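Just so it is clear, A, B, C and D label the chains in written order, and each chain counts residues from 1 on its own.
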Amino acid sequence: MWLRISCDLTFDITVPTPFVLMLRPRSGTQQWVAYEKYKLVPSVPVFEFTDNYGNLCQRLIAPCGEFAVYTAAEVMIADYMDQAQGGAPFVEIQNLPDAVLSYLLPSRYCESDRFCQMATEITAGQQLGYDQVLAITDWLRASIRYEPNNSDIQLSAIEVNLRQRGVCRDFSHLGIAMCRSLSIPARMVVGYFYGLELMDLHAWFEAYVGGRWYSFDATQAEIKSGYVVIGYGRDAADVAVYNQFGSPLYPTSQCVRVQRIKENNMFFK
Amino acid sequence: MWLRISCDLTFDITVPTPFVLMLRPRSGTQQWVAYEKYKLVPSVPVFEFTDNYGNLCQRLIAPCGEFAVYTAAEVMIADYMDQAQGGAPFVEIQNLPDAVLSYLLPSRYCESDRFCQMATEITAGQQLGYDQVLAITDWLRASIRYEPNNSDIQLSAIEVNLRQRGVCRDFSHLGIAMCRSLSIPARMVVGYFYGLELMDLHAWFEAYVGGRWYSFDATQAEIKSGYVVIGYGRDAADVAVYNQFGSPLYPTSQCVRVQRIKENNMFFK
Amino acid sequence: MWLRISCDLTFDITVPTPFVLMLRPRSGTQQWVAYEKYKLVPSVPVFEFTDNYGNLCQRLIAPCGEFAVYTAAEVMIADYMDQAQGGAPFVEIQNLPDAVLSYLLPSRYCESDRFCQMATEITAGQQLGYDQVLAITDWLRASIRYEPNNSDIQLSAIEVNLRQRGVCRDFSHLGIAMCRSLSIPARMVVGYFYGLELMDLHAWFEAYVGGRWYSFDATQAEIKSGYVVIGYGRDAADVAVYNQFGSPLYPTSQCVRVQRIKENNMFFK
Amino acid sequence: MWLRISCDLTFDITVPTPFVLMLRPRSGTQQWVAYEKYKLVPSVPVFEFTDNYGNLCQRLIAPCGEFAVYTAAEVMIADYMDQAQGGAPFVEIQNLPDAVLSYLLPSRYCESDRFCQMATEITAGQQLGYDQVLAITDWLRASIRYEPNNSDIQLSAIEVNLRQRGVCRDFSHLGIAMCRSLSIPARMVVGYFYGLELMDLHAWFEAYVGGRWYSFDATQAEIKSGYVVIGYGRDAADVAVYNQFGSPLYPTSQCVRVQRIKENNMFFK
C-alpha cells in the first residue's frame, strides 16, 4: 500500500528560537520512503543528526516572523499489519536482546514501577506475551474515553489512569506502562495513520513479544494497516515532533494529510 | 589520588532470577581503573554489554540459594574537583553537542517539565550557567533534609519536593529536574564517594555548562574530590546498580568500602 | 546554492542478486536535502540501515530481468567551500577526537604504512597541517594523469603511484594514503560534483586539520563549491554506491545529472 | 577453564609519544574477566574509549625515559571451542545482520577482491559455509610455513601468499581474504592462546557461518580451547596492541604469559 503523507506547520516566532524537529520518516524494515520533501520558509541552515533511538532529528534556529515547515513523503507499507493470531510468547528477560532491555525501564510518562498490580489483574488468566498486551489494549478501549481534541499538557500514565480519558498519546503511555510492569518491553511510536477520524499526527505503541515488535493501538477498534512511522522512543518525551526547549510555542497552523495513492499516481513518476 | 573501592552484595534467591548489574567502573576521562575484580559465588555465565550511556552492564541468571557478588577496584582520580570559580556560561541550545540534547528531556524521576517556575525563582539574579546550578544546590542544601538511611521506594522530583527530605538519589533528581527546566543539560551519576558519613553507594549529578560537564552534590557541604563513577544516566531508572526486572529483591547484605591508598600499597605492586 | 542531482542505474539481472546500495544523500552539517526520490522498478522490499560511518545503506534483492534504480534530490549547499587561506594547524594525535583516530589507519586502497618517505619529501618545507595537504594535492595534479574514463578494476594507492594515471577515486586514494602517512586523518567521499567535465559520480577526499574536516579534490584545478555528499568512508571499499557481493555486475546504463536550480524552480514548490 | 594472562611491555621513549593501546580484554559472550590489572610506570593520565568494533582503547602520552605497561587478567573461558561437526550453512548475503556486512569488504591486509578464483579452487566440492572455511584452514596448514619468529613488517594476504610463509597474523590475513572472497564474513582476532609454543600475543580469525561467529586458527593442528580475546577488527590495522602513530617504536622488552589456574588459586580469593 502506498500512502502520501504530509505535515505542514506554521509558527509565529517573536524571538529567534532553536528547534529540534522530528519530521522525517525513515526507511526501515516496516516502511519504504520513496519520495520525500522537507521545505522551510524562510530557508535556514539545518543540521540533521540521529538520536539514540535511530530517529532523524533536524536542528535549526527559527528566525523572527512567520516560520513554516512543509514536509511530505510517499511511503510504501505492508497491506496488512502483522498480528499474532494464536499469541506470541513472553520473552524471558535473559533472552531479550541487549538493545531491547531499556524499554523495560520506567520513563517520564510511563511510571511502570507503579502499575504492576493493576496490570496483573487486567491480564489475569491470559497466556503470557501477546495475549497480555491484547488484554491491556482491550481494557484501555473499554475504560478510557478517547477524546482526540483534548490535548493540553502532557500527562503521565498515572494521571491518565486517574482521568479515565485522553488522546492517543495518553492511551499509549498507559498501555506502555502496564506492559513494562509485566516485564514486556514496550515503546512509543509517533507518525501518521491513514483513516484517523480527526486527521492529525498520531501515537501508538509497540510491544516486544515472540522475539519481535508488534504494533498496538487502543484508540482504534482493530489493528489494521495504514501506519507510517516518524519516530520511536521510550515515551512522548523522546519523540516530540517539534521541540523548542524554551517557553512552549504552539503552531499557529498545523495541517496533516494522509492519502492512499496508486503507484501510477506518484509525484515522481 | 588513589582510591580502593569495593561493593559486596549477597542475595537470597528463591527462584532463578535474571539480573542486570552495573558494578564495573570504567576508565574514562575522569578516572583510571588500574585494578579490578568482579567475582560471583557461585560462578555463573555472565554476558557484558554497553548500554546507551556507555555504561558496562553484566547480565546473568542468579541460581537458587545464596548468591554473592564481590567487586573491587583501585582507581586514580584527580586530587581536586573541577569547579568554575568565576562561573561558566550557559550553553545555548543550538550550540549543545547532539549527544547532550537528550539530557534536556524530562525523565521518569525528573519531571523537568513541571519545575520551570520554581527553578526560575530559585536562580533569580544569578548569572546564566554554572551559577544557576550552584544556586540550585544551595537551595537543596537549605531546603531538603538529608536522611541517608530512609530509602524505601524510588521517589520522583515532584514527590521529593513535597516531602522536603530524601536520600542522595532524591537530591540528585530534584537538582536535575530544576537544571533541565532551565535548559541546562543534567545527568545522574552513581558510584562511590570517599568520605561519605554512612558509607554506601552514592548518587550525585552533573550539569553541562561552559562546554563541559561539572559535578554537583547537594548532600555535601562543598564539592571536593573522592568520587568514583560507576554509571551515568538520565535518572535512577537508567543506573540501577542491580536490576532484577521482577518482584523487587533486596540484598541480604550490602557492604561498601572506600579507602584512600598509597601507590606503593596497591594490590598489584 | 541549490543543486538538483540524480543518478539512474539499470541492471540486467540473470539470477536474483542481493544488493547494498548507497545512493541516498543525508542532510548534515554540509548539505540540506530538501527533496528526495528513490524509486525502484520493479518495486521490491528494501531495508535501510546506517553503517559505521553514518551512511544510509539500502539492502534489497534484485529480481531477474531489467532492474532500474532512479534516485534524485534537491540539495542546498554553501556557495563557497571552506578553505584555510593562511593554513590550519596539524592536530597532535593526542588531541584528535576518538572518532577521528581510525582515519589514521591504513585501509584496503590506501596503504599509508608504505608512503611515509614519499609524503615527507613532497611536503618538505610546508607548514604542518593544511599546507601539507595542499602540497600533496598540488603534487597529484602535477604528477598523475587524470583519465576520467579509464576505470576498470579498483587500484590501490601503491598501484596508482606506479601507473601515474587514474580516475577520481585513484587520486583520492593516493592523497589519503599520503595524508595518513603524515598522521593527518583523511577520508574518502563519494557523491556528485556540479561542473564535472564528463558527468558521473565523483570521489574526493577530506583531511582533518585545524580541528575540522576540509575538502580536497586533486582532479580539479581549484576547490570550488558544487559537491553533494553521498557517503564517507576509509576508502572506496567502504563507499561503493552499489555492492552486489557476488560476481561483479555492471550497470547496463548509468545516467548521472547535476543541475543548478533556483529556489523558485524546485519540484516541490 | 580459568586462565591467568599477562602482557608486560617496556619502551624506551626519546620524545613524548602519543600511544593508543589495546590491552584490556573485555567480558563478553565468550569470556568473563574476573580480575584485571593495568599498571603504567610511570603513572600517566589515560583516556579510554570504545572503538567501532567494541574494543576498549587506552590513549596516553608516554613520557621520555623507560615507560612500562603491566597488564594482567584472570579470565574464565569455555572448556571446549564451539565447532560445527556436521558443518554450518553459508548465510545468504540478504540474511546477514547489518553489523556483519562490513566484514565482507576488503581491508588493508586482506585484499579479498583478488582471491576469488583461488579460494573457489581450494574449496571446490565442499559444502557451502563452515566446511569451506575448514578447507581454507587445511590449505593454509599445508601450504604456508609457520615461522613464529619472523615478524618484521606487516604483510598483506597477497604478499603472504607469494612468500608461502608467515606468522600467526599472516595466516589470519590470508584466511580472512579467502573467506571474504567467497562472501563469508571474516574478522581478525588478537589475544592470548594457552599452549602456544613460543609464547607471545597471538592472532587468529573468525568466520560467520550458520548464523554466528566460529573461531579458526591455521597455525594450530586442531582447534581447542585456550583463547582469550583482546580485540576484534577487519585486520591487523584495526587491532594493533600498541599504536604510536609516528615513527615505529618497538618494545625493548615484551613478556607474555598464559597460565591455567584453579579457581581456588586466584589472586582475589
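Operating definition for what follows: a residue touches a chain if its C-beta (ideal position, glycine included) is under 8 Å from a C-beta of that chain, and two chains touch if they have at least 3 such contacts.
None of the values given here were measured: they were computed from a predicted structure.
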Distance from the mean Cα position of chain B to that of chain A, given in whole angstrom: 31
Chain A and chain C: spacing of chain centres that average the CA atoms, whole Å: 36
Per-residue multi-chain contacts in chain A, two or more chains: none
Chain contact topology (line, ring, star, complete or other): ring
Contacting chain pairs - touch in the sense defined above: A-B, A-C, B-D, C-D
Sites on chain B touched by chain D in the complex: 26-29, 32-40, 43, 45-48, 50, 54, 56, 58, 70, 72, 76, 263, 267-268
Sites on chain D touched by chain C in the complex: 18, 20, 49, 51-52, 57, 59, 61, 92-94, 98, 101-102, 104-108, 110-111, 113, 153-154, 156, 183, 237-238, 245-246
